[in-house]
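The same chain A turns up in both complexes below, where it pairs with chain B and then with chain C.
Up next is the complex of A and B:
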């Protein structure tokens, strides 16, 4: 009667069974650090050394991988120095997988986690970033941690977790072509609130999820963080196996919930009723139907980030932008170089450029208001990213509406919030 | 533990306002402290005193996993945040890194405590005394493991 999350945590902690609220020390299969959490980890190591702790090796460098994403291309001298620190870190501790900016494949850590099959079904995966939840769409337990906890995992190979209760979200039927996974997950966050899944796992299933591509599923799990969830998860199926096989990964131990698995609560949604929505400033739970806000003028459209610049996100945006011209400043930043290349091979980049869009390199930059196109005071942006707190994408008095790539692209064409169905 | 209250009477105080994104590249803890709460309170750095407490509503610290958030508050002098509830990563960062105490209080207590109130917190008794108002409230006891990690002085000092 265990669900997939309970089974993974039981296996990882050497128990036959676990129940919600049990505290376990789980063995961790994969750990990710990036250019923000990596230097944070090093600061923790320094502090430990000052207290007399000897640190000369990691528990298992083969389980560790490194991404450069938040402040690349280097935003300034400090961020350039952080990448130097990160590079030294991978060298000092013998980490083989470091995706470096400007050296072939690199990108946003969560995107690499699936694009490069860095994390596999049944694994326990932690990362020094809150959207680590993303990778749960492959059937792994994936959770974000701060850098003290990541440092602990790097040195000890395990970490404590309170076994979460699971909320089960069932999508019945296939999403209509004008709606995307982003609309579904924003609808859910609007319904349950930004702490509606606090400390819990959000699991997705039903025919609508079976029909959904792996990339779209990743949008759902990515955004579970915005409902306060510890993790998001989807049971692996043939689509996941094929997705991973295309990336050279075939050797893993899938975990599935028992047929009579228990969930704290089950929510059911009818796919045909999901329509294009936006989350208004300043919270992802502030959800409205896009059509109700169709007179809202915009200054910028942003199609980027781990949740909104996967290949299918770019395809969706290109479907709208083909043969049209943008009316507002619009940026497309593919989430990884492999996606950038596929988008180029498919002709998507040409469609964007013909539409007047600026295409940029993979980075978290503007999504977290750090660099590479932040917003000015009073500017209004429609964005395929995952957060719209005050100041998130720039000035504290700027405003961000979260939306699907279809809505963001349609809005770029009109300069106002636009439901893709209403585009002439 | 005694100190005075800085109150933010709102829910969902997120990590982007506790420590805005552009400062994530900084790992000098005292420098981070200068930018604490900048997203909602430009004057925080000037008014905060060592030993102060923050009091807030539901879901404090939601958003990113940045440990910079509890670090910035801790190095500003904040010893505890009293909130109706906490986002999970902020909570464990505060405890595992031994930066500050995340103390859960009920809605009534949250509403009753005012800006500037002098509090004395005794975690061993799960009690919060409001010296200014001459009242005593209950705090939610720390879960067993959390209590042990706090007592050890952070996760690295805790022996499972």
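Up next is the complex of A and C:
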């Protein structure tokens, strides 16, 4: 009667069974740090050293991987220095998997986690970033931690978890062609609120999820963070196996919930009723149907981030932008350079450029207000990203509407919030 | 870390819901690699105007709340990015206690790791605290919050209570005994070869 999350945590802690609220000491299979959490972890290492802890090696450098994504390409001198620090860190501790900006494969950490099959079904994966939840779509237990906890895992290979309760979100039927996973997850957050899943797992299932591609599923788990969830997860199926096999990963031990798995609560949604929506400033829970806001003027459209710049997100945007031109400043930043290349090979980049769009390099960039197109005071942006808190994308008095790539692209064409069905 | 026993101070009422970690410490300060000195950037965009002068209307700038060690906030405090800098900035500024109806999970854990006590209370208790004018006392040993007409208990996991009361750095404590733990584990494995 265990669900997938309970089974993964039981296996990782050497138990036959666990129940919600049990505290387990779980073995961690993968750990990720990036150019913000990496230096943060090093600061914790320094403090530990001052307390007499000898730190000369990590528990297992093979389980650790590193991404450069927030402030790259180096936004300023300090960011450049942090990348140098990160490089020294991987060298000092013998970490082989460091996705260096501008060398081979690179991009946003959560995108690399699936694009490079860094995390596999059944694993326990933690990262120094709140959107670590994303990779749960591959059937792993994936959760973000603070710097001190990440430091502990790096040194000890294990971490305490309180087994979370699971909320089960069942999608019945296939999403209509004008709606995307982003509309579904925003609808859910609008329903349960930004702390609706606080310290719980959000699991997604049902025929609508089986029909959904792996990349679309990743949008769902990615934004479980915005509902306060500890993790998000989807049971692995043939689509996940194929996705991973295309990336050379075939050797892993899948975990599935029991047929009579228990959930704290089940929510059911009819896929045919999911419509294009947006989350208004300044919270992902302020959800409205896009059509109700169709007179809202915009200054900018941003198609980027781990949430909204995967290959299928770019395909969706290109479907709208093909043969059209944008009326407002629009940026497309593919989430990894491998995705950029695929988009180029498929002709998507040409479509974007023909539409007058700025195509940029993979980076967290303006999603977290770091650089690469941040917003000025009073500017209004429609964005495929995950957060719209005050100042998230720039000035504290700028405004961000969160939307799917279809809605963002349609809005870029008209300069106002636009349902893709209403585009002439 | 400094052992936590009783904290008595005026409580700063931050009357906002869903305060995310980017409000607590904006992203531009994450690039700094030290772990101290973040207090000056706490609630930066709310405390200061773009020319660097303090915003008089913001509660932290009110003379009455200078030196306050207790922060009151509305629901879902600390949501958003996992940056531990948020806890570092609050501590460095002087806050040892944060009271709200709910906290975001990662932030909640980060607080304990840095000697801050986050307390969850019911809505009515929080409202009373917001309305109180005098000092508030937080007594960790007895898990009590006291103030003008206020005397309530709060819940805390025994593990975290011990860590705070003794001022332990739990990670350093565990890691310092790592060799003994490893020795124990390996001798245990030798005795039970099948259990590894």
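The rule is simple: the second predicted complex is superposed on the first by the 424 of 424 C-alpha atoms of A that agree within 3 Å, B and C clash if a C-alpha of one lies under 4 Å from a C-alpha of the other, contacts with A are read in each partner's own complex, and residues count from 1 in each chain.
As a working rule, contacts are C-beta pairs under 8 Å (C-beta built on N, C-alpha and C of every residue); 3 or more make two chains touch, one makes a residue touch a chain.
Keep in mind that what you see is a predicted model, and the values were worked out from it rather than measured.
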Putting chain B and chain C on the same copy of chain A, do they fit or clash?
clash
Could you look at A:71 and tell me whether it touches chain B, chain C, both or neither (first, second, both, neither)?
both
With both complexes superposed on chain A, which partner does A:25 reach: first (chain B), second (chain C), both or neither?
first
Which partner does A:84 reach: the first (chain B), the second (chain C), both, or neither?
neither
After lining up the shared chain so the two structures overlap, which partner does A:230 touch, if you call chain B first and chain C second: first, second, both or neither?
both
Is A:52 in contact with chain B, with chain C, with both, or with neither (first, second, both, neither)?
second
Touching A:1 in the superposition: chain B (first), chain C (second), both, neither?
neither
Common ground on chain A, meaning residues reached by chain C in one complex and by chain B in the other:
36-37, 39-40, 42-44, 48, 53, 70-71, 76, 78-79, 82, 128-130, 144-149, 152, 194-195, 198-199, 228, 230, 283, 368-370, 387, 389-392, 396
Listed in rising order, chain A residues that touch chain B in their complex are 23, 25, 35-37, 39-40, 42-44, 48, 53, 70-71, 75-76, 78-79, 82, 128-130, 132, 144-149, 152, 160, 162, 194-195, 198-199, 228, 230, 283, 368-371, 387, 389-392, 396
So in the complex, the part of chain A that touches chain C is made up of which residues?
36-37, 39-40, 42-44, 46-48, 51-53, 70-71, 76, 78-79, 81-82, 85, 128-130, 144-149, 151-152, 155-156, 194-195, 198-199, 228, 230, 283, 368-370, 387, 389-392, 396
Where on chain B is chain A touching in the complex?
12, 14, 16-17, 20-22, 24-27, 29, 39-40, 58-59, 62-68, 70, 85, 87-89, 92-93, 96-97, 143-145, 154-156, 160
Complex interface listing, chain C residues touching chain A
18, 20, 22-23, 26-27, 30-35, 45, 75-76, 79-85, 87, 102, 104-107, 109-110, 113-114, 169, 171-172, 174-176, 178
